[in-house]
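Next up: the structures, one after another.
In the two complexes that follow, chain A is the common piece, with chain B as its partner first and chain C second.
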Partner chain A sequence: MSVDGDPRPAGAIERCDVAVVGGGPAGLSAALHLARLGAYVILLDEAEELGGQYFKRRQGSVLAKHGDFRPEGTSLISAVRASGVRCWTECSVWGVGEDERTLLVAGPEDEPRSVSARAVLVATGGYERSIPFSGWQLPGVVTPGYALHLATCDRIPVGQRAVVAGTGPFLLPVSCALLDVGVEVAAVVEVNRPYRPSLRVAAALAHPARLAEFASYRAVLARRKVPLLQGWQVVEANGSGALERVRIESVGGREAGREYDVDALAVAYGFRPATELVRLLGARCEVRQGDLFPRTDGRGRTTAEGVYVAGESAGIAGVHVARLRGEVTAASIAADLGLPGAAEPARATLRRLRRGEAFSAVTADLYPVPDSLISGLCDGTVICRCEGVTAGQIRAADAVGWNDRNSVKGATRAGMGPCQGRECAPAVAALCGASGSTEPFPARMPIKPVPIRVAMGESAEEVS
Partner chain B sequence: MTTSTADVVVIGAGILGAAAAHELAAAGHRVVVLERRAPNREGSGTTAGNLHIQAIHTRRPGQPIPADNRRFLPLQLAASQLWGDLEDRLDADLEVRRNGGFMVAETAEQTRELVEKNRMEAELGLRTEVLDGTAARSELPLLSERVVAATWCELDGYANPLLVAPAYLTAARQHGAVVRGFSPVTRIARTGRTWQVSTSDGTWSTPTVINAAGPWIGQVAELGGTRLNMTPVAIQMHVTTRVRPIMRHLVQHIGEGMSVKQVSAGHLLIGGGWPAERLDLSGRSAPSLASMRGNLLQAARILPFLADLQLLRMWAGPLAATPDEMPVIGEVPGAPGFFVAGGTYAFTLAPLWASALARLVAGGSPPLPIDDLGPARLCADAAVTS
Partner chain C sequence: MSGERDDTAVCVDGVEVPAAVGQSLAGALHDAGIRVLRRNLVTDEPRAPFCGMGVCFECEVSVDGRLRRACQLHVRPGMVVSTGREHDDER
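Showing the complex of A and B:
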């Protein structure tokens, strides 16, 4: 039989000037600027409401009782909706057509849609960087971002008593938010030593506003007598059926380990960009410290023509930079599309962006992820939670001497579960870094599992 | 640069190279396996893993001519037996499942083909059964009303292609075989009856070379001074997320390239030899969206429950096809000691080809006649039969 003709188009193709994928701070900001310049913009987001992670909305009774959360998000979202941007919420971009431009989308009713745009802006954000440790799969072990959403959007305490751990400035506001909803924070466990005087810390003095923000969080922790341990790491979570105890050790093992009886542990080691879509669109990325970062011209242009990236998916730098990147990338797109009214971004905007990105470089420098976190894992530690693959199995597959990272995946199933290696790929790579090629797991379709009927281009009623 | 000697140099660590290496090492030969990248990463690791025992009938979409299914069947039967105790012989769990398989028909014409196929199978010694649509559905209620008939073969099955070649290699190594990954062969020379096979970090002198390089068979043959007319293609597979055990059988279609099964991990694997976007021998072949839609639509037509599952992943991999769609196995004419093994249905036939190669290398005769499947017909000057 012939396969010359595509049996069916994947839903009707929507055409627009710009498709913005991701309705967080960067995507919202870019969509707004482009719409104001007269571009026909479709903004796609997986969630029911725009906002992304940072501007996640409070709903229903929580909203009524506690008021709006981060009201600047509400006004940004309203401005976007009023600007004529077509907002496709509950729409998941799962793939890219053969032209490396058309976006394949699963709509809210699991109906197939496609979007063909003159420019695609990827603003898909980042992931919290989870690093495996013994017991990390126990219920009660969550990421700081998850604990924060529970505390802020839903006003739900993640547990009665918690340890907040990992690395990054993010641990401080998360701890404060937990205190605010009545969680007893037993300790903040930071693997680095960023809050001690050093030359690297001195570089942060150039950013007094950011430092003042951190100082206020630290003041809250001090007032509530929450210990902030630096140079310590979580090594083990224990409990029968759910988390009961967390064990921490000092990096280098100079001090005796400590244990905390807690029912919640919020742990992650910063963030990394979500690059699956950028890669499927043909843009090149580079590997830094085991994570992929899209190559850009500094103004959102990737190496693929017509493909742009902004926000955390362009590199982790926080909400201020995300919004500025959205604005600056919108200007790049407007110029490249020749939109009337396209103009250079304001010099003040570029200056603030440069300063913001400089601060994020300082932050990356202050909060690195030590290699020993992974290399020191014992063989029994589960690395791939989806498929239950341990460090020992990965090391054994690597040790046969003829496997590379992708064949270790094949031999162990690490990275083959529903998350497709999003969580464990860096750990798998680190565990078998020495042998063979070091190419990362390729970005593959579907980016996230998609209903078969959507993949084959049919709505529910069409298949009998 | 070092020069070493070996009894046999196997080029390619896919399932055929690995199986041949195991068979030969177990027979006492000093075997070296040279693999350009990581073992089992190409056709053997990306294939569906079907054990095709009922007669091959369908063409891949786009396949120009059908395989000679009558010629294939005795090979499949011999391979079927060898798969029976392979896990014991390799002392490994290969997730071999022999729960039988259906080949379905949707039209009267296809039903006639099923009946003819069933008659031929009986004649050649394979027991299959023709069921009407209702009987097929009572055996497998997941089949849609569009199925008007099906043949049933209790020997059909599948194994996990990610496990088989590595298990062969591990067993080969226990018999002393040396496996070198990331060692592309750069040069093959011959002095008298000795071959010198070189990689960037060493040369092996050997009386016997086995070219089991899959889609690179043609290139490796050319290094050895022979032009073989191979026609490699790239095909693709689709897999759903895990679901509870729902289907134990292999389901194929007599008129179209289609195979569906649920593997032991719970995923449904959907394939059928649909062509990938293009064959990329320097990197990874990319799946085609048109093939994805075609394959999924067709599979959901026969097994409607699939439409409600989630597509987890798809991938493409090469297939070492020949112009006549038949396997190639044997010594290359004019190149004594230089053997080639490959071609379609290599996964099912691997244990048989390993045994045949071991006997050919030892100067004996293969377990069943395969002279007609030798590389002579693919040599550049030979006329291609169809």
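Showing the complex of A and C:
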């Protein structure tokens, strides 16, 4: 049973003080603080175990053989479970009721559940910023996050020989993890030039601990003679039925292109916040570089009353900031609900949060996504991988003169597949010529695909 | 092959495949050489796990009769998995 407590019959509304959606670092941290203040908290996560992506647990025989991975995650999860938080795993929040507050949930057996809370904390994390390119839908092309989880949690190499590409500091630990499980890393291909002296790099000097971490990854890559190319981008993945070859070109085309024979390519351009639920709950977001960021007061309050956001879904800043945001947002919720024992966050906590957020701003400056990645795509490139819609089809629909991106979506079906535009929406928006002034696509229910009977509010028994 | 796949088996499209309890199902299939898990319904192209975190749905397979994302599940003894690798008249 992965639904804690004494669950009411499927269909009944479960009431609580705070519903926390997402059991990663931010959600765990917030749930723990709120439970310690006496709040009745339900923590929902769609995975089988809490932890989110960063604290994803090793399990079963992999755990027995290789030991725990990131043990601080295990202790945090244990503390949450011991604190009285009711943990609902394998529970997908797919919608919001007519009152704009009740969470509609598909349970472990796809049974419909709903949760009505005085406060909803969205801690749904982020996901990797994938940018389409020719052949990105080929088997063998993955996100760096997936390659990392295969290496760390499952101890499985993503391939024999790999290219790791995109942008961001994350590419370095991913490359090291791949080396650690025996993958030959042919090259790390970074589209920016963050590892050269510049004024922007100098700003990072104020954060020596993080710099030391990056230096250790670079030392491993140098020792293993893995080339770290800067100012290069992946332009094409090729292969018959699966990836066989990757082509890269230098940004600006000053050098001749290069090709690598590989069976794996891990590529992404940083992360974007997962904001579907925040938006569905009526909170406003702003667009920066084509991605959506919830508006907050800096302490987790969104523009919608009773709706809060913490962690990567509030803006990409890494695990330390995620935990601090969870703590600070818990204090906001406790104050707003008038919980006994509610107090201002500790000054030291707020100071660490400010420092962490400042570092993430430096990082964002060092690893931008060049506009040319999307504007330079050939017409034949698949943009919406679910529906097989190409850049040419989207440009043609845009040229018809539709008033908005939803009409382009309707005309081409881009963004209408199972991933619901999570992978392609920003690229579609960019191809439509919108510079990111409005939302890529609005959030619509169900925000996660669920069986139709769940959306109809029926349980499996009633149907069969 | 990582050498982890030695303590149980899952049934994939009618064939017993060695796996390790607690591995992600997507990882176990990858390790067993089963890279393609489905064909795109529109283009019929082969597809394989991409995001590994439940976003892209490229790893969706049938597990014990229900459509599940293989990256979100862990191997349990006796799992019965059916992929969409091959053409299926019913689709």
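Here is the rule we use: the second predicted complex is superposed on the first by the 445 of 464 C-alpha atoms of A that agree within 3 Å, B and C clash if a C-alpha of one lies under 4 Å from a C-alpha of the other, contacts with A are read in each partner's own complex, and residues count from 1 in each chain.
In the analysis below, contacts are C-beta pairs under 8 Å (C-beta built on N, C-alpha and C of every residue); 3 or more make two chains touch, one makes a residue touch a chain.
Owing to the predicted nature of the structure, the values given are computational and were not obtained by experimental measurement.
Given the touch rule stated above, what does A:418 touch, chain B (first), chain C (second), both, or neither?
In the superposed model, A:418 contacts both chain B and chain C.
In the superposed arrangement, does A:128 touch chain B (first), chain C (second), both or neither?
second
Looking at A:154 after the superposition, I want to know if it touches chain B, chain C, both of them or none. Which is it: first, second, both, neither?
After superposition on chain A, A:154 lies in contact with chain C alone.
In the overlay, answer first, second, both or neither for which of chain B and chain C A:33 touches.
Neither partner.
Considering only touches as defined above, state whether A:452 meets chain B (first), chain C (second), both or neither.
first
If we overlay the two complexes on their shared chain A, which of chain B and chain C does A:241 touch? Say first, second, both or neither.
In the superposed model, A:241 contacts chain C only, not chain B.
Look at A:58 in the shared chain and tell me whether it touches chain B only, chain C only, both, or neither; answer first, second, both or neither.
second
Considering each complex separately, which residues of chain A are in contact with chain B in the first and with chain C in the second?
Shared contact residues on chain A: 418, 449.
In their shared complex, at which residues does chain A touch chain C?
Against chain C, chain A makes touches at 46-48, 53, 58-63, 65, 110, 127-128, 130, 137, 139-143, 145-147, 149-150, 153-158, 181, 241-242, 382, 385-388, 417-419, 422-423, 449.
Mind listing the chain A positions that touch chain B in their complex?
1-3, 5-8, 10, 95, 97-98, 104, 400-404, 406-407, 410-411, 413, 416, 418, 420, 436-437, 442, 444-446, 449-453, 455-458, 463-464
Give every residue of chain B touching chain A within the complex, in rising order.
Residues 13, 35, 37-41, 45, 61-62, 162, 166, 169-170, 179-182, 240-241, 255-257, 265, 274-275, 277, 284, 287-294, 296-297, 300, 304, 306-315.
Residue numbers of chain C touching chain A in their complex, please.
My answer: residues 2, 4, 7, 20-24, 27-28, 30-31, 35-36, 40, 42-43, 45-58, 60, 66, 71-75.
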